[in-house]
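Presented sequentially are two complexes of chain A, the first with chain B as partner and the second with chain C.
Right after this comes the complex of A and B.
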């Protein structure tokens, strides 16, 4: 009995020693202290004339951020810049990022990236090749990275701006893109959405557009239309909104409509959009876009009161027409100029007529361009704000 | 026959040898008779108590022609002398002042016992062993010339401090009375709360040298007889020189003597102990200490407080959950921090990460080293606070707060965040006092695991600790009950506290039959009877 107990104890001891050794021998596998990494906040990717990739990173210096946030710089020392921007070229994105270590002190950590800016040159050449790295890399957080396409400026120049609004320019750019919630004039694409759209042949990618505005600001407005991963053209802010109305991505926006006297700014507070394909004789005959939206009167320059139901009905009609016009403009651009099914009609076909889809999959964009599009907008005006009309002196 | 005789001899000589060693010279045989002649008694006691200046021996001579000789022996200061004089010496002198020695001596003894001595607490001692044991326990012994028996008169003076509020267990609501060092006072405090003859108090003595009074207390009909028997057996097995505190007993009777987790509970509060007894637990009182042990002790008891039952059930439930959270935080927080900072950067929100990185900037130590240093510094402060004389306390807290909190950060030795983490960890560990010691050590294990393997290490250690907890038993009752094994009816007083009017059944888990035997005895599968 005692003997057996001893054996048991020896076994336990051996096991304990072995597991301790096992723990110690691993070293500190993948251990990296926070102070030993460079936190990348923004990435810019562009393609050079010779086919090489130019990667720009914006790296944050936490200590500098902390001291600007708390308002106390370390006395005597000149204020450290909150971020630094470095560029490096390489055959691939990964190659460039790793080679960059020859000029950057610590390993670049991509998990903190907030914005990915694609250059115009790269976009024209096709983005699918470089996006591979971002999908493959385990550090990337797909759902927090905003993807934007730089127009008339290289990503490098864009990331070099120094704004007064936020110590980290990347956060500033990201926030202007986030503002689309109340503006609906820029398409906001998270990296995860882009990756999804890249794998979806029934819908072409649309990525928000960013441009430089003066020395210190950016302008995030409009969108870039892609066709099979290559930049096909641009949408202006209104066309972008037309696109967002059609796809149901409008959260809130201001639509200006003409009135008898002065102008009216309608505040859209709710909007739903739906696209569909009508089949006749086994062939797609008609593309439909249906939008239902709800709006308030936000501002009225005229002096009339807006209290009768007739007034509101007229407002609803005018608003509907206005929105319809914008959508029509976008549809025309997508069909005639870019020949790119950005609305996702193809997805509908794929879903409900899979057999037919198999046949037309490859040439769908051309088929799409030739089909008639029916647009229906159902606008409802619910409130006129706090007042029915302006306050007048005579009463 | 011959063999048996030899065997007996060896056994006797062994016993004698043992007694010689144990009693350091004063060798008293189990059955040594009390000498009939009072002079012999005096001589023998003088021999046994030689060198004991507090041993008192008073001779009383009375009756006609000084025919009745008696003597009183006691330990000075241990007995109430006034009571001894009023109840024993004076009545004896009065009663026998004119008596003539005509009756048999027997009658004197009987008269003394029945009508002379004014004390209700009278016993008899029949041999020297009992005589000596009673003298050292604080009783007065009355010897009569010509008798081989002695009267044991309970005139023990009330000793020790007054009943007061315990320092270690404070509650907002509930009784302020705490146990004291005196065993009798303590049992009285319980009897006062449970007025029921079913409250049984079994007394026994432990400790070869100290002869400490131990009292097993339970409520017959509520406590599981098997557990009571088990407690009795385990206590009887204790062979030691001294029991100076109930902590000695705790270590002897624990199921798993090496486990960090307590399997024997202790309390200083009367109302808490009464509650435990009424749930069917067994209490072990130990003379000389205010800490009363309760068994079986389950894990869930560490997050229970007596306030929980006096307050609204919703608050009680909230507090229970809060305590559980505190328990987790105090175990895991430093390890979590090290894992986050060292391995899992992607799960930290961006802005928090900037704060973290900024606070870490310029710190020469790795997060692990930093955490260990700060925790050690805190534990040192805590220990110093316990050990040192009270009046110095304030200067210590100043040194602790300034040096650890401010200066180390200013000097760039530790980060602000680490100070906060250690502080939160410390506060949380104080929320669950029974587990402070276990938490203190396990925290370091979590830290080391986190430093090597990140969250994977933490979860591995967590699983290991959990397995250990599920394997533990306290007096045969699974430690993690009522969760494992799941006892639905006992969940009413676990993480959720139901109102007191809804707690209609007693804890079922304590009533189960077929509980496991003593530590080391083969384990039996516990089957729950439902």
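Right after this comes the complex of A and C.
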């Protein structure tokens, strides 16, 4: 009887020890509370003249955002800013980020980063070197970070902007890049796309451009063209759109075309682009860009009525010509000025003509620059909106 | 001989878990870059042949484990010596899988946790599982292994929008030699390692199903690996896929607005757990038979402890682990996976032919 009781006691003891162990094993080893980290919303990286890296972070203060949202704090108390911006120099990005802790209180957490802004100086020197850190680090979320190149302004100055539109400036910048879906005038590059394309010699990187517009706003328009990881030049908003048409990245945009008496804004609602390389006798003979798009009449500043199908066919033609012009402009820039295959013709060659690719791989950008490009745009205009023509006074 | 029995479906799932094991993080076929799909197919054919050999050995020597077969065919002295080599080999596989697992967790999920802690806690759990017996291992696999294809499917479906289905072009860019090399690596790791199952086959309740089960599980794994490869390359592109350390994990990171990387960790826990359990069970069972100990359970804790220590000591760094898996392992494995089993098969066939003659 006694023996049985002992066994029972031993079982209870084991159970107790096991539950204690269970309690000790709850959290993660390197678990950090939200209040113990600094949440980085935006990163800026620039290269200084002496080869060092200047890293700027924008850190959000969750408590301050809450009070901003619930009506400008209590009377008399000075309003805490929702974000702070700090910069630090270092030999590498990681070095700068860690050394920055000498002026920043809590450890910087990169998993919340939304925007990465690359400086012009850095871009001219080459971005591949600093991108290494962002790939290697386990905190980065490749697919949520928007990458932009700052033009005529340092990333530091850009991140210091305090806008009224969003308590977190980084989110404001990100959203201006995001809304390219309705205007197609800035190239939106997510970090993962950049990482994927970096090792690809058949397609050069294009990254959206951001500039400062006044004291409180930014302007995300245009794009930066790279060649082998180095900034080669810029595309203006229209050339950027030409690029996006050719690569099929246009979701929606407004294309203005001249009309009989006035002008028409065509709203592109669907667009597909495809690039190809035509080979003759084992050599590339012609590069082709094919765009198929669908548009509506969005606005007509003129007097004629649009009432016959022929009117729309004429619009289709003009629209096609207009888009073609934009693409042609981009192609000329890429071939003559920057000598950089941003359209990915090289990838096509690599995939379908691997033997030839092996020969030209290293000098592909020069080969690309010399090839003729054929552009075909097939535009379709389907609807005219709620009305057929302009308001006219009777008589 | 314990009377434990496992059903065909349990064995099927155990083999799948075993084969999938650490292949989820180190797939040697990937060294063929764009042409890994070809390497997977070729490796799958070779792997099926190899497992066919093992199954034939088991069928020719019914109800006998690898150690008993070795003793019968090679005689006591050589049989014992070869058995001990096999015990070492099983222990080695188990430690390598432990290490893969620890390396993955410390790289991806808990970078500041010492690897010994990660591996140690996992090992405690596995010892418990192995000591519960082969039947429990079978039932556990029944419960968990189906998660593997399901998670693979979930991740693939979530990424269906971000794909480039021509990413595997151009074909054979780096030549056939690389593909053959990768295919050979893929045969030895994971298919050849199923030699450990020769310690388990006697427990199968319906012997006539053995070959069917083996063939089906190989087919299943080849299809699964192909599926995962196509997903990874179409999402990441060949360049990034080759650069990434743990490819499936990186793929799962890219699902927009959703963090499913724990699913990959779970896959690894299930697959790796199955593989380690089978290997340690095989080692403990074999050692107990060589030494004449009635119950293998007395040895599991010791062997597992040894595996944990070995796993931490065996590689200096993560890149050594990868280059070992791709470059050294295949050749190191040849005698264990091919030479000795083929001799065994030959001797078993001869043996079967002899008694029928003598009876006449």
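Just so we're on the same page, the second predicted complex is superposed on the first by the 362 of 395 C-alpha atoms of A that agree within 3 Å, B and C clash if a C-alpha of one lies under 4 Å from a C-alpha of the other, contacts with A are read in each partner's own complex, and residues count from 1 in each chain.
Following the convention adopted for this analysis, a residue touches a chain if its C-beta (ideal position, glycine included) is under 8 Å from a C-beta of that chain, and two chains touch if they have at least 3 such contacts.
Note that the structure is a prediction, hence the values are computed from the model and not measured.
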Report for A:200: first if it touches chain B alone, second if chain C alone, otherwise both or neither.
-> second
Give one of first, second, both or neither to describe whether A:112 is in contact with chain B, with chain C, with both, or with none.
-> first
Based on the superposed arrangement, let me know which partner A:352 touches: chain B (first), chain C (second), both, or neither?
-> second
May I ask you to decide whether A:63 touches chain B, chain C, both, or neither, giving the answer as first, second, both or neither?
-> first
Between chain B and chain C, more extensive residue contact with chain A = B
Kindly classify A:103 by the partners it touches after superposition: chain B alone (first), chain C alone (second), both, or neither?
-> neither
Which of chain B and chain C A:192 touches, first, second, both or neither = second
Based on the superposed arrangement, let me know which partner A:33 touches: chain B (first), chain C (second), both, or neither?
-> first
Check: chain A residues flagged as touching chain B and also chain C 28-30, 141
For the chain A and chain C complex, residues of the former touching the latter = 25, 28-30, 135, 138, 141-143, 192, 195-196, 199-200, 350-354, 357
Residue set of chain C touching chain A in the complex reads 107-108, 110-113, 117, 121, 166, 169-171, 173, 236-237, 239-240, 243, 253-256
Report the residues of chain A in contact with chain B in the complex, numbered from low to high.
-> 23, 26, 28-35, 37, 39, 41, 60, 62-63, 65-66, 109, 111-112, 114, 139, 141, 144
Touch list for chain B against partner chain A, complex = 341-343, 345-346, 350, 353-363, 366-367, 451-454
